[in-house]
Amino acid sequence: MVSQTDLYTLAGALLFVIGLYGIITRPHLLHKILALNISSAGVFFVLVGIARRVPGPTPDPLPHAMVLTGIVVTVSSTAFALALAKRIYTDTGVAVLDASDIEAEERTGG
Amino acid sequence: MGDWVTQQLPALLILVPFTAAPFAYLLGAGYDRQTALLSAALTQPLAAFLALTVVQEGPVRYAIGGWGGPLGIELAADGFSATMVLVTSVVGLLVTVYGLRYFGDLERYRFFWPLWLFLWGSLNALFLSADIFNLYVCLELVSMSAVALVGLTLRREALVAAMRYMLAAILGSLFYLLGVALFYGAFGSVDMATLRETVRPDVAGQAGLALMTAGLVLKTALFPLHFWLPPAHSNAASPVSAVLSALVVKGSFFILVRLWIDVAQPEAFPGASVVLGVLGSSAIVWGSVQALRQERLKMLVAYSTVAQIGYLFLLFPLASGGGQAASDAWVGGIFHAVSHALAKSAMFLAAGIVLARFGHDRLEGLGGLSRRAPVTAMAFGLAGVTMMGLPPSGGFIAKWQLIKASIGSGQWWWAVVVVAGGLLAAAYMFRVVGPFFAREAEDLDDSDLDPGPSPVTMDGAALALALGALVLGVAGQPLIDLIMVGAPALVAGVTP
Amino acid sequence: MSWEGAALLMAVVAPFATAVGIFALGEARERARSAVNLIGAAVTVVAVLACATAAWSAEPGRHAAVGIDLLDIGFGLKADMLGALFAVVAGVLWLITTVYATGYMSHASDRARFFGFFSICVGSAIGIALSKNLLTFFVFYETLTLATYPLVVHSGTPAALRGGRTYLMYALPAGGALAAGVVWLNLLAGPVEFAAGGSLDPALAASHPTALVVIFALLMLGLGVKAALFPVHGWLPAAMVAPAPVSSLLHAVAVVKAGVFGIARVVLEVYGPLGPELGVTQLLAALAGFTIIFGSVRALAQDDLKKRLAFSTVAQLSYITLGVALASPIAIAGGLAHLAHHAAMKITMFFTAGAVAEEVKAYRVSEFDGLGRRMPLTMAAFSLAALGIVGVPPVAGFASKWLLGVGAVDAGTWWVIAVLGVSSVLNAAYFFPIIHRAWFREPKAEWAGGPPTGQPEGDLRMVVPLVVTSLLGLAMGLMAGADLSPASWASAVAGWGLPW
Amino acid sequence: MVSWLPTWVALAAALVPLAVAGGCALPRVRDAARRLVPLAALPALAAAVLVPEGSAAIGWLVTGVTVQVDDTGRAFLALSAMIWTAAALYAAARPVERPARFAGWFSLAMAGNLALCCVSDPAGFYTFFAMMALSTYALVVHEGPSRRDAGRAYIVFTVAGEALLVCGLFVAGAAAAGIAPGTTLAVAGTVLVLLAFGIKIGALGMHGWMPLAYRATPPAAAAALAGSMSTAGVLGLLRFLPGGDPAAAVLSPAVMALGLAAAFYGAIVGVTQTQPRVVLAYSSISQFGFVTVALGVGLAEPGVWLIAVSAATVYGVHHGLAKAALFLGEDVAARSRRRPAALAALGLPAFALAGAPLTSGAVAKIVLKEATAVAPGVWNDALETLLPVAAVGTTLLMARFLYLVATREAAGSQEPAGGRDLPAAAAWGLLLAAVAGALWLWPAEEVAYAAGKSLTAHYVWLAAWPVVLGTAIAAVAWAARGLSGRFVGVVPPGDVYAPVLGWAARLTAVRDERPYAVPKAAAVPVASSSTGGPTQLDGAGAIENGLLAWATAISAVAALTVLLLLLASRV
């Protein structure tokens, strides 16, 4: 019998994996950063689901606190990553990590 | 007063750098260096004091603002924590001293000081955290400041390296956080002391540990996940490289050790510890082989870090059986972390001087270094002694313990790896040291760029770190005593 | 701390302190540096002599010792007779070499670096000599390995760097093997102390025979490189590109003898009777015997004098190993006596090679025609030392060869006698041609008139030390039977009263 | 005899020439020291006469030296002192190149030779033996056209001899230290001692150096070499052969056979030679063959060793004096304006060597015969028959020698005349007197007995017939010189050893090896790399680049996670 928590956990895991796939395959830095955010969302999903672990109507507040902290961290690190990506784009003309990504980037028309 | 300070020590160790960081930023040019120096000069004795307290009175626990778990933040310091805080403070102080003249009052390096203080504070927080979620936050803080420091020079290679580092770091944190979530879901706590009692090797426990381990392994740059480290460490400014190689990678390793040795019992996860050992061994070999192939000094030193990280992971299979061997492995692994921190920072600091003197760090162009910068060359060479694991040095004691643990636990093959790694280290070290004595290459470099003899503080910092690594080899007993204070049950079986 | 303890510490610390002083004074302050160097060397000599006195006056098995403990590793020094022998040799010859090097290096660059590392090497060698257990020994041994490198590559030429690389390619893996052996042995048998008659529990031979054999092989591999045992001798000739004082003191005395000294410690004071029981010392003796012949044959055709001397060293070092590996106290005495004897003789020859190279720029045997007229004292000292190596009495080499030969009879190993005989012939074959050229060939035109009028034949800072060491070699042999001579001392170490 | 003279004084007296040698090495005093050389052996001569029998250990010296004065040692010491004194006097009268240097080496060899007569322990004997043998090298190569070949031959054999000797003496030394070597080792040690001293006395198979060295060495040194230093080999054999040890008896036949063969071989090869000194060398080979026979007899049985010792001593002294006199005489004759007189005087040692009646040779042969008479079994008869035949050969050799000396100028010799003839002749005269008188004045009982016996008719006949026969054959050969001349010069001096010596020379020749400073390859061009990695991509580099690629790396993270999960699920 699949509980609500398990459902959330599975959905979160799915999101995490989707994000991971994007991080691996998308050459453009912006895509990678966005994919990271999708993965983060997956993790938060799991955390939110876990809040239901305690019996009774009131969920456990601690996972919520964690999610909030996590969102703060993710927002700030995303901002930093974006700034860095922009700087790289300004300096190099492309926003990729590996030289081999340049071709891939051109192919996908990022 | 003394008592109060003793109680507040863990908090002070975090607060002092965190407070100094914004001041360094706000005060700006002219005062940022002084602020950093003041902070370092305060933090270092505090760390030493903490170590002393831990040795004398046992592990310390501290709830910030009097708020304990689960919602409040608790700090804890056992021997392991205190050791890491202490080595951070030593390296930190000397890097700070080195940086005073290295960065000078160059405008574009002014962000070094606040970022560095921030990093220092984060590291202390990480080492003193008592719960695994707090560790996540600290990991992120450490990563962000480290990434920013890598990009400090704004050189193109540095920026790309920083980006790569950043993505890897965030991803690693996410893996870790997912694991934390699973742990919390399964065991209802993030406090490590509680988890120690409740953690079970069921599906959630296994999965959580697997995810956390993967994320941390990525952040520690264990082979084959070392892809971000060489570019980041070699392209950063040298004091930054020193801190990254010496301390930052040890942060995630610290959590791994906490999780595996302290919280979860490795015998509950038998295959995994062997996997970590195999990866560690591969790192030793592969990192050394790559170091041998490098043509630039800092790349070589960075790959040396890849290799040296491998030794740390031998701790897991070696300690998994408990008993005397586990105890030996515990001391060996942590001793290695400490001596590597000292020696590697010495090497990067020396490399920084080399870069400044020659305008480049291509190995074949470093001829005559021992004449032009004898102290620098000596610092590098002495640090190399530890890297090779030759006596008398901390590296020797560490390897000694690891070999002892391998043979003592009947897993002699790790000993072979340790010895082979020492030989490989010797091979790449002498690729560097050999040319120092060369004569014919002197004409090659452009002496117009040579800024002249390096300041005493820079040479002195590098030399002091290298000597520190050596001193550990003969006078390391106090450190060993410290490491064993409050050691996890698995490894505390018999005091070596 | 007792005076013995203070002497022990001083003997090891003084050279290292000298090194620190030299590094601190730097390149420019030459006079102060030389003064520090000489004073350091003199203090070291006093200290090692004090150690020797302590060893001499100690009751058997009760040596003065100092040490510190780290983990289960006790680092420590002790003053026993075997150690004192090597320490005194290294210390005294260091003092002499310092004088020589001051002359030899007077036009060289990087002298602070040179003398600094030189002091470290000597300190390590003395540390090796006075180590009380295998671990302390190992620590100093590896320090010596590293500190030698800058000296080998000192000139900084590509050839020097190549020589240095070769050196490391041998020395570092050897260090690894040694480390593995030391650790393994410590795990198997607990802390391995040096004790006359062997410190291993005889029961181990029954319980762990294979492990003990493998450990022995590892230790010998580690020590054999410095002892230049075949087939790991190749670094020594390559390292001859180092400056003459290095070749003289380090590659004829301190470094290479550290290897054979280690072998002696392991064979005599660790394995003891277990060695013959396990059959390993017999193998070692055979290997040493082969090395003697091999080194001598290789020395034959070398035109480069230092290379010829290096191969000679390869062969001569194995005399010591051979003696130690034979199951006879007389042979052991011979081997250990050779430690001192060969030191005095070979250092003289390397001094000569350096002095000749500096004075008349002759590096090759084929350039030595008539050199005896140009540098009579120098070549006389060389000839005396060469005769000693060949084993011509009364120079020192004879005494050790004699003990070895009689010991071989004692041990019933006829082949050792054959090796000694063939080796004597070969030694003569590679040294006598040099003597012949120097004294019996027509000199070059510019040498025929002897030394430049009104001047000494060379820098006296070089000539005097080499004459002194050659006379030392002569005295050691001429008075080998006297109390306190190296031969008598070695006999006492071997536990064998001399019959004379 | 003066009983209060301590024994070690003999050694001290014997080492007086060492001080002279030292003086010759010092530039300031070398000319004064050179003049003292003729006096240097006199203390030893005095010691030989005055120092009472006894032995003393000097523990501190080398590996402990035992000084021993006994009848054997005394005889050899006296012999050596006489020959060296005469040789030194002769050398002082003749010009040599670089006289101080010659005097120095001469004195050093003298010191070694005299001192070895005073010690009896293996190491001590070896010490002085080596001192003598090696410093003689300098004398051999001192001057003259053939010195290089001579020097090479001499040093090769000497070094081999020293090595063999030291190995043999190890066994003796062990025995002296109270260690009983096994039988095999003991016999091996004896063989080594035999071979080593065999080289010194030119025993058959070990004689290759002798003709070359005797030819090249300056006359005075050659006299000392042939008369005294070679004879020291006999003393060595007497001291260190384990006479009386039953284990060594097995060697007896071989030694006797070797000695006999040498006696004939020396004679046969010697007569074909064209240079007087080479003839003398082959004569020495032949004569030491007689001594070898005596020693072989002595080894056979414990009881007869002392007889053999006595025979070898007497024969050694007789031969040494005669041979030294022949060498000096050869030079005197070559330089003398009155050659016939010199030739006549040369007849004395020549006849003595041949064993003519009334000469020391006749006495020595009787002593020798006493020894061979106790040879075991068939050897007794063989020796009785063959030794007189060998004596015929000796006569032939002497005849050949005298012939060559007499006809030397005709052969185109260009020896430089010079020096002071009278002192030189006086020195030679002293030696001739010793040849004439030594064995008659010898205080030992058996010698006096033999001397008396040699005057009886039977022994006069026994001594005379080989000489007469030999002279007759020589005369025939001279008459038929068309035929006999074909054999002249067919065997080169040094005979079979010429190729061996060439090989030895090649062995020690320097080979020009690659010098240190040879550039290995052009420097690798400096290339800049933006990624900082190596510019040359090899296998490891390609793999690393793959690992560094982002996609691979992150996939590896995922893979690791899966792997850890899989491992976990196993539990």
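Think of it as A, B, C and D in the order they're written, each chain with its own count starting at 1.
The criterion applied here is as follows: a residue touches a chain if its C-beta (ideal position, glycine included) is under 8 Å from a C-beta of that chain, and two chains touch if they have at least 3 such contacts.
Owing to the predicted nature of the structure, the values given are computational and were not obtained by experimental measurement.
The most central chain, judged by C-alpha centres against the centre of all protein C-alpha atoms, is C. Pairs C-D and B-D differ in how many C-beta pairs touch across them, and the larger number is found at C-D. Rounded to whole angstrom, the centroid-to-centroid distance between chain C and chain D, based on C-alpha atoms, equals 35 Å. Separating the CA-averaged centres of chain B and chain D is a span of 76 Å. Inter-chain spacing, taken between the CA centroids of chain A and chain D, is 98 Å.
Chain C has its Cα centroid 67 Å from the Cα centroid of chain A.
Chain contacts: chain D has residues 548-550, 554, 558 touching two or more partner chains. Annotation for chain A: residues 20, 23, 97 touch two or more other chains. In chain B, the positions touching at least two other chains are 156, 164, 167, 171.
The complete set of chain-chain contacts reads A-B, A-D, B-C, B-D, C-D.
Interface residues of chain C facing chain D in the complex, by the touch rule stated above, are 157-159, 162-163, 241, 300-304, 307, 330, 364-366, 380, 387, 391-394, 398-399, 401-403, 405-406, 408-410, 412, 414, 417-418, 420-422, 424-425, 428-430, 432-433, 436, 439-440, 477-483, 485, 487, 498-500.
Interface residues of chain A, counted against chain B in their complex, comprise 5, 9, 12-13, 16, 20, 23, 29, 32-33, 36, 39-40, 42-43, 46-47, 49-50, 53, 61-63, 65-66, 69-70, 73, 76-77, 80-81, 84-85, 87-88, 91-92, 97.
Listed in rising order, the residues of chain A touching chain D in the complex are 20, 23-25, 97-98, 100-101. Remark: chain B residues 331, 367-368, 370-371, 374, 378, 381, 385, 388-392, 396-397, 399-401, 403-404, 407-408, 415, 419-420, 422-423, 426-427, 430, 433-435, 437-440, 473-477, 480, 496 touch chain C in the complex.
Within the complex formed with chain B, the residues of chain D that make contact are 523-524, 526-535, 538, 540-541, 544, 547-550, 552-554, 556-558, 560-561, 563-565, 567-571.
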